[in-house]
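Alright, structures below, take your time with them.
Two complexes come next, and they have one chain in common, subunit A, joined by subunit B in the first and subunit C in the second.
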Partner chain A sequence: MEVRVEKRGSVAIVSIDGSVDGTSAPDLVSSLRQQVTAGTVQLVADFAGTDYTSSAGLRALLEMVKETRQHGGDLRLASVRREVLRVLELSGFTSILQVYPDVDSAVASFPA
Partner chain B sequence: MAAFRNFIEEACRRAGADESLCFDLKLAVDEAVSNLVVHGYEGQEPGPIKVSFALDGDEIVITIADHAAPFYPEHAPEPLLDVPASERRPGGLGWHLIKQIADRLEYETSPETGNRLTMIKKFVRRPPG
Partner chain C sequence: MSRRVALVIGAGSVKCAAALGLLKVLEREGIGIDMVVGCSGGSLYATFIGLGVDVASAEEMTRRLWTRELTKRRHYPSLLRAMLPQLFPFQESFGLVDDRLILQRLETAFGKHNFEDARIPLYLTATDFHTGEQKVFSSGRLVDAIRASIAIPYVFRPWKVDGHLYVDGFLTDPMPVGVAIKNGADVIVTLGFESPYQHRTTSVLRFAFQLSSIMSNNLLRANYAFHNLAHHTEILPIIPQFRESIHLFDTDKIPYVIEEGERAAEQQLPYLRRLLATTEI
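After this line comes the complex of A and B, so read on.
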């Protein structure tokens, strides 16, 4: 798994490439938490390059959704592939996470 | 974990299974093996985990054999799927996903031969082209 971060105004776009599993999920949490610690609490996780996630990835997302919301922000998902979206659906995550078709719409969903 | 997923991916591909089915089986095996590593072998020396894949008629049969602490499916926590994020708890998702994916699950445990989880899933052939 590789993670890249790009800032767009007050929003950090965290792009995740590869597979998120029990081995890589702690790195995902740490990349997202780094943004929160630095004061950026409006996060977009760009899943365009994420070809797989297990429940470990979902737990990482849940942890960081809670954390960003506690700080008045949110973690929103963009460009989630069909198979990965199914994992989110099977786990009831589409009702607690906001999922957008692309990064632009996810970024625009945050107040400027 | 990636090694087990790669094994399932390759076996699935060789069997000519549908890609979406391969994804689901990879996920189910990942969850089962992760549970063994995190819970089953917790507090003891990690032991062997053997995963096998077979096509039996129109069913895929995957077995996961181990010598970890026995697992009692009826005691596994059910995740609360209909509550807000603030009330969601992280546990139980792995077993929940396995149950969602498999058509049938069998679990046997014995002090002599260890544990064996069998997942059975209807075979769906990859569409041609």
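After this line comes the complex of A and C, so read on.
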């Protein structure tokens, strides 16, 4: 898994390429937490390059959604591939996470 | 210490045959299964796998076992009890289909076997009609457990085992991941399906099926979310994508269903390999 971070105003866009699973989830949490610690709590996870998420990936996402919301922000997903979206739907995550069709609409969903 | 791998095959009628495609991939890659769990339609395939039936034989047995004829004959006593309860008192053993044929076919396929004959520890789930609790069968006659696990509400009558009345396992959990967690699985490979919704609600039975699908699909998501968050290691969902619609008795589509199961399993294979290669639990 590869993680890239780009800032757009008050929002950090975290692009994830590869699988979010038991072997890579700790790295994802670490990348997202770095942003929160630095004071950026409006996060967009760009899933365009994410081909798979397992239960460990789901737990990582939930952990960071809770953490950003506790600090008054949010973690929102963008460009989620169909197969990954199926896993999110099956596990009920689409009812607690905000999912956007692309990064631009996810960034725009945060108050300026 | 090697990781204990469980295969959980949830409800989904003929679609559950995709488990045979998944099995082909696991066998080819030399990935052993330490336990297998089945529910409803998945109980048939869990049993095939547990008993060590090869893919070709399991496919052939399904074709002989699961045909449209199973639902052709009505269970008239149930119909009369539903329509005229003052004349024929209603009984809880209610089902619109005469179940003698399915029972006969299950006896032919599995009548000689008990759970104790399984090469891989096998668990089949049903639902206690009176308490609503999940029942996990892991000993005794396979035919009884399968018949209880596939007691589709309104269609097949509940099935009595040791004095308890059981209905379809999907009513407590359409994908019983919890059984694998409870029995010590570290890595859980799941194969399950949402119940299809009715295109047109043209009869009381279709109306009942629609309500049943709404409830079971929400139950599936809620339970799956809970187990994903509660389990300490990994749950890997295998989700075949069917371009063709697969109906309850489409046994002629089994080769296609197996192929899609194989394709979906191959997509997750790199990750499964990597996960099993790490020895730490």
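Keep this in mind: the second predicted complex is superposed on the first by the 112 of 112 C-alpha atoms of A that agree within 3 Å, B and C clash if a C-alpha of one lies under 4 Å from a C-alpha of the other, contacts with A are read in each partner's own complex, and residues count from 1 in each chain.
In the analysis below, a residue touches a chain if its C-beta (ideal position, glycine included) is under 8 Å from a C-beta of that chain, and two chains touch if they have at least 3 such contacts.
The shown structure was predicted, so the numbers you read here are calculated from the model rather than taken from an experiment.
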What is the contact status of A:83 with respect to subunit B (first) and subunit C (second): first, second, both, or neither? both
Contacts for A:56 in the overlay, against subunit B (first) and subunit C (second): which applies, first, second, both or neither? both
Comparison of subunit B and subunit C by subunit A residues contacted: B
With both complexes overlaid on chain A, does A:23 touch subunit B (first), subunit C (second), both or neither? both
Figure out whether A:97 sits in contact with subunit B (first) or subunit C (second), or with both, or with neither. first
For A:66, select first, second, both or neither according to whether it touches subunit B, subunit C, the two together, or no partner. first
Quick check on the superposed pair: does A:110 touch subunit B, subunit C, both, or neither? Answer first, second, both or neither. neither
Identify the residues of subunit A that lie in both the subunit B contact region and the subunit C contact region. 19, 21-23, 52, 54-56, 58-59, 62, 83, 86-87, 90-92
For subunit B, which residues are in contact with subunit A within the complex? 1-2, 5, 20, 23, 26-27, 30-31, 34, 37-38, 79, 81-82, 84-86, 88, 90, 93-94, 96-97, 100-101
Going by the contact rule set out above, which residues of subunit A touch subunit C in the complex? 19, 21-23, 52, 54-56, 58-59, 62, 83, 86-87, 89-93
Per the touch rule above, subunit A residues touching subunit B in the complex are 19, 21-23, 52, 54-56, 58-59, 62-63, 65-66, 69, 83, 86-87, 90-92, 95-97
Could you please specify the touching residues of subunit C with respect to subunit A in the complex? 194, 220-222, 224-225, 227-229, 231, 233-237, 239, 241, 267-268, 271, 274-275, 278
